[in-house]
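Each of the next two complexes has chain A plus one other chain: chain B in the first, chain C in the second.
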Partner chain A sequence: MATYLLRRLLATLPVLLLTSIIVFLLMRLLPGDPINMYIGQAQADVSEEMIAQLRRDHGLDQPLPVQYAVWIGKVLAGDLGRSILSPQPVLDILAPRILPTVQISLIAWLLAVAFALPVGIMSATRPDSWADRAGTVGALIGAAMPYFLVGGLLIYFVALEWRLLPASGFVSPFVDPWASLRTSLLPAVTLSFGLAAVIVRQSRSSFIDVLQQAYIKTARAKGLAEDKVILRHAFKNAMLPVVTIMGIQLATLFSGSIVTETIFAVPGVGRLLVSAILGRDYPVVQAVVLFITLVVVFANLAVDLAYGFLDPRTRQG
Partner chain B sequence: MVTLPAGRSIAPRRRLSLARRLALTIGRLVRHRFALLGIVLLALEIGAALLAPWLAGYAPNAIDYRAMLQAPSFDHLLGTDDLGRDILSRLIHGGRLSLTVSTLAVLMAVSVGVPLGLIAGYVGGAVDEVLMRVLDSIMALPPLVLALMIAAVLGPGLINAMIAIAIVAVPVYTRLMRGQVLSLKHNDYIAAAQSVGVPAWLILFRHVLPNAINPVIVQASLGIGFAIITESSLSFIGLGAQPPISTWGSMVQVGFQFLELAPWFVLAPATAIFVAVLGFNMLGEGLRDALDPTTSTRL
Partner chain C sequence: MITRRTFLHGAALGAGGLLATSRGLAQSAPAAIKRGGTLRVAIFADPLTFDQHITGNLQGRTACRAIYDTLLTIDREGRLAPGLVESWSQPDDQTFLLKLRQGVKFHDGTPFDAAAVKFNIDRIRDPKLGSIRGGEIRALDTVEVVDAHTVKLNLKSAFAAFLFPFTDVTGCIASPTAMQKWGNDYGLHPVGAGPFRLVQYQKDTQTVMEKSADYWDKGKPYLDRLILRPIPTDSTRLAELRSGGVDIAEALPLQDIRRLRQTQEIIVSEKVGFRWEYFGFNLNDQFPGKSKKFRQAFQWAIDREALHQAAYFGTGSIGYDGILPGSPFHDPNYKPYKRDMEMAKRLIGESGLSTPIVIKGPLQPDPVKQRAAQVFQATAAELGVKVEIEQVDSAGYRDALRGGKMPMDLQGWWGYRPDPDQYLAILLHSSGSYAQYHGYKNPRMDQLIDAERTARTEAERRKAFRELSELMNDDAVYVPWHYSSDFKGLHPRVKGFFHSQDAIMTFEDIHLA
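What follows is the complex of A and B.
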């Protein structure tokens, strides 16, 4: 298992390296000079020497390969650089944004799993029933619902009309856990729709496949109760593709968080990325994208490791 | 004539004419409930977009300060926006752009991704290895994150958003086609074509592509739905359509500022996006079953 883990970890390195190069180059291709934006923001009348000095300070006068080497070297040492648009270190800007995104994504993920897994299993165990058809149609609708529509409906009805939950913002759970949950719910429900649709479809087809296997027929022939057949014999085997899709969907959650955090004015990683891209703040964009890539790559690694629990045969690989 | 060991055929099966295959696929699609519903939904939206100059009761940019943020009425079926413009007319005209841009983005992605996948799968070796590693790295980034970055590099605008969506989608089609080529290239009919000296490009386009294209067609249908959502998201963030051009996404962006006063301003374009994506997803489901009945996912 340790060798397998090490091999999988090493396999992620080239992906992370290439992604970091892609992100770095894309940022350098952005139109507009970040130093000019910086000066513009400061409303200062600065000399050519000062501009050159600023460019030197941010390492922007160096050739691209040197800039990349310096940047990646610092990143590996834990230094994400300084924001161009504010005097703060990037780490100080990024760190407080992680909690809202992670908390909302986690609640969205839990809501999606709690709703979608039973629906998927029920659809699979009662094929062609009204419940199956409702689940299937619901999944199709859920997958097509844009965040704007779900978010717009939730804000209008739940927050503005019924005044049940706040329409925007985020309160830290360390400040007020109850208010934190209330501010997280609407964005989390918005995010969970698409995710739930995918889990319903995947769990349904996966359970249908497993329930046709000979060992399930044997278990039923022995007279085992249906709930025991599903929970004891089918569940672990059917969950393998479901877990894979849950891992893959993490990237979708990050994509979704960009839009939902903008809709609900949540000060998270997604909203930080948007403001940094619009403000041409290279160091912040690079750090945020690298952070997202790391999370996605390691989530996929965690999915691989979950296989070991669900299917012991993979532990040998 | 190529001689092969007994029992091994050169051609995959008796080839049906293109017209016959098309007729069969359409027949299966029409019998597929979801596909039929998807076609109806898309026909409504595409029909409205095509007939926009005749269907829309008002010019999409006609400002009327006396009719700002009016609720739906007989005069304005979906109400008016913050500048008194008729939302239905803007929706119909905006649909033209949203649907065209999304379809073109997918066509661009297919026309780049499919040849790359054909080459990677057929040539193999270092070309395949390098290409796949680069694509893996691109795919490690969430699609909207990458689209945002590319759109920012190219600059705000609808054409640039379309290019960004296409670039993000290329790896999907490349991987799909590569997988198809890998499963097909060891077939006897390919070996037979190689043995009689048919050039590689002709083998790829005459023998591999026609047998590998079905999953790409299905993915393209689903991909247009993804492209509509991505275009809307980019416009919503401010990197897509720029005023006075409006797409469904840019209408949603402005509408959110008036959600409490005029919910129809957001809900109308957001529902149009939903219907279009649902239509393309349902059509994709139907195409999957119609083009490959052996793996039917009909529900």
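What follows is the complex of A and C.
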């Protein structure tokens, strides 16, 4: 097991390295640069000498391989650099963003699982019933609704018309847990829609598949109660593909947070990424993408380890 | 005869006498003012930094203007008024003497004096800082401390509009002690002499300020606390205002204005002339804009009324030059063009361009500009000109603009500046960056800009600006069509709000009912 873990951890290194090169190059391929963005706000002429100096100050006058080598060298030494558009080290900007994103994603994930698994199982055990059809239609609607539409509707009805929850912002759970939950709910529900839809569909098909297997028939033939058949025998096996999907969906949660955090003005990683890309704040974009890559890689590792629990055949020596 | 010196001196004394204690900007407050309370303001973007010489966006400037006082302010007629400078005079065309307000202290207890003013202005010009404000005071030669409360500014050449940048962040004066202490991190530890001091900054979450107990304008500010909350989505910002989550929201969405005005729940405040809209052309040889007649055709062809209604939902006002409402030089009766498609078609025919004429225009994903671009596209099609709109983001647009690669500019000029010289020289003088991006150079235009800069009276400047507008319209490098508005939404309990022309909010006169 330890060797397996070590091997998997080592395998993340080339992924991170490749990601760092891709994001570094992609940002430079985009038209415009941070200095142009900065001087564009001046509403005054900025001298060419000043522009050249600003580029020099941020190392943007160097050839790309040199810029990359300098940056990655610092990253390996634990220094993510300084933001170009605000006077802060990137780490100081990124660190407080993690909690809101993780908290909202986690709540979204829990909401999605709590809603979607029972619906999926119910649909699978009663195929073609009205409940199954309602679940399928609901899942299709959930999958088809874009975040900005769900978010907009929630803000309009829940925050504005019914005044039940705040329309935007985020309060840390360490400051005020109740307010924190209240500010997290609308973005979490928005995020959970698409996720729940996928889990409903995946768990339904997975359970239908498993419930037709011979060992389930045997269990039923033995006279086991249906709930025991499902929970004790079918559940673990049917969950394998569902867990895989839930791992993959973590990346979707991050991409969803880009939209939801902007709609709900949540100071999370997604919103930071958007503003940094629009401002061409290279060091911030690069750090955020590396961070997201790291999270997704580790989430997938966690999923692989969960397989071992669900299916002993996949356990590693 | 009124000389430039007597005019400016008179203006200074008059303004100083009238406004010495009120800073000139504030709406007169009613007799009974409730003190205290927290004002929550939804802003469009994060301030990013509180270093007054580094900040760029409107929200950074808004935050800085709460923390720092400016040397000068703008009165409601758009003219210079006192701020930290109590009065000023001009002994000769190239010298300004500034008399500073006495007894003012920075939030760290250090005194505001002439040495601090010199330190601040010199800091802007220090290349090591990398301030983008240096271009605004390029005409400045040296700063001298005459005595503890008098500063002398020596100019390289006469410049009538020279003092105007000191009404914004260029004129925000910070504590030299704090700037030296914090160095590169000063932007997060600002110390000014303004009505509020920074107590907490959480990027993209909130900026919290508290009133400065020893603010020089005794009794102000009325508020105890000020919270700026960046909310980038228009509809969310509006929902927060309507649900009572904030008291003021900036940049209200245009499509909602008519409906919001009919409701009683919020007050809609409009200031016409925050932005100047034009269609700009690149005059370089590879683009259709090289033909003057081609450019002039659009002066006659564009349907300004349709643009006003379709793009701006009837808000703001139609405009024919770059002298924005709010400026003392603005003339609402200057309307030199009436739509005339026959004339436009004739000019296109005489343009000498080979057909089919195709022109590309990069455009940012701004729904207002997109609607305007579509109206322009339809008009151009009537003239047989194909306009290809290319979607780019803000950074891509600036890249194309700065590289002189943009065949035409569909974005216009953003942001009011109190003196037209502050942007017209950039757009039209051969040394101006925008003029260079557009390949525009006209010696007569340079002469006119020099003339308004060296003019001795307001009347002389007015005359020069009118001639400048006429030449700009004839050259048609920019085809003006609109002065758009800034909109702010206020909860009815917000009192004492003054909507300034540059859209930057000031808070010292605001109180809550």
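Everything that follows uses one rule, which is that the second predicted complex is superposed on the first by the 291 of 317 C-alpha atoms of A that agree within 3 Å, B and C clash if a C-alpha of one lies under 4 Å from a C-alpha of the other, contacts with A are read in each partner's own complex, and residues count from 1 in each chain.
Quick note on the criterion: a residue touches a chain if its C-beta (ideal position, glycine included) is under 8 Å from a C-beta of that chain, and two chains touch if they have at least 3 such contacts.
Owing to the predicted nature of the structure, the values given are computational and were not obtained by experimental measurement.
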**Prompt:** Is A:263 contacted by the first partner chain B, the second partner chain C, both or neither?
**Reply:** both
**Message:** According to the stated criteria, A:72 is in contact with first (chain B), second (chain C), both, or neither; which is it?
**Reply:** neither
**Touched partner set for A:57, first chain B, second chain C, both or neither** = second
**Asked** Which of the two partners, first being chain B and second being chain C, lies in contact with A:152: first, second, both, or neither?
**Response** both
**Asked** Which partner does A:245 reach: the first (chain B), the second (chain C), both, or neither?
**Response** neither
**Partner chain in contact with A:31 - chain B first, chain C second, else both or neither** = both
**Message:** Contacts for A:278 in the overlay, against chain B (first) and chain C (second): which applies, first, second, both or neither?
**Reply:** both
**Request:** Considering only the touch criterion stated at the top, classify A:85 as touching first (chain B), second (chain C), both, or neither.
**Result:** second
**Message:** Tell me the contact category for A:160 with respect to chain B and chain C: first, second, both or neither.
**Reply:** both
**Asked** What part of chain A is shared between its chain B contacts and its chain C contacts?
**Response** 30-31, 152, 155-156, 160, 262-263, 278, 280
**Message:** Taking the touch rule as given, give the residues of chain A at its contact with chain C in the complex, in rising order.
**Reply:** 30-33, 36-47, 49-50, 53-54, 57, 85-88, 93, 96, 152, 155-156, 159-160, 163, 166-170, 262-265, 267, 271-272, 275, 278-280
**Request:** Flag every residue of chain B that touches chain A in the complex, lowest number first.
**Result:** 34, 133-134, 136-138, 140-145, 148-150, 152-153, 155, 225, 229, 232-233, 236-239, 252, 255-256, 259-260, 263, 266-267, 269-271, 273-274, 277-278, 281-282, 285, 297, 299
**Message:** Applying the document's contact rule, which stretches of chain A touch chain B when the two form their complex?
**Reply:** 14-16, 18-19, 22-23, 26-27, 29-31, 132-133, 136, 140-141, 143-149, 152-153, 155-156, 160, 205, 251-252, 254-256, 258-259, 262-263, 273-274, 277-278, 280, 285, 289, 292-293, 296-297
**Complete:** chain C residues touching chain A in their complex are 45-46, 48-49, 51, 54, 56-57, 127, 130, 132-136, 138, 165, 184-188, 202-206, 229-233, 235-237, 239-240, 242-243, 245, 392-400, 402, 414-415, 417, 422-423, 426, 432-433
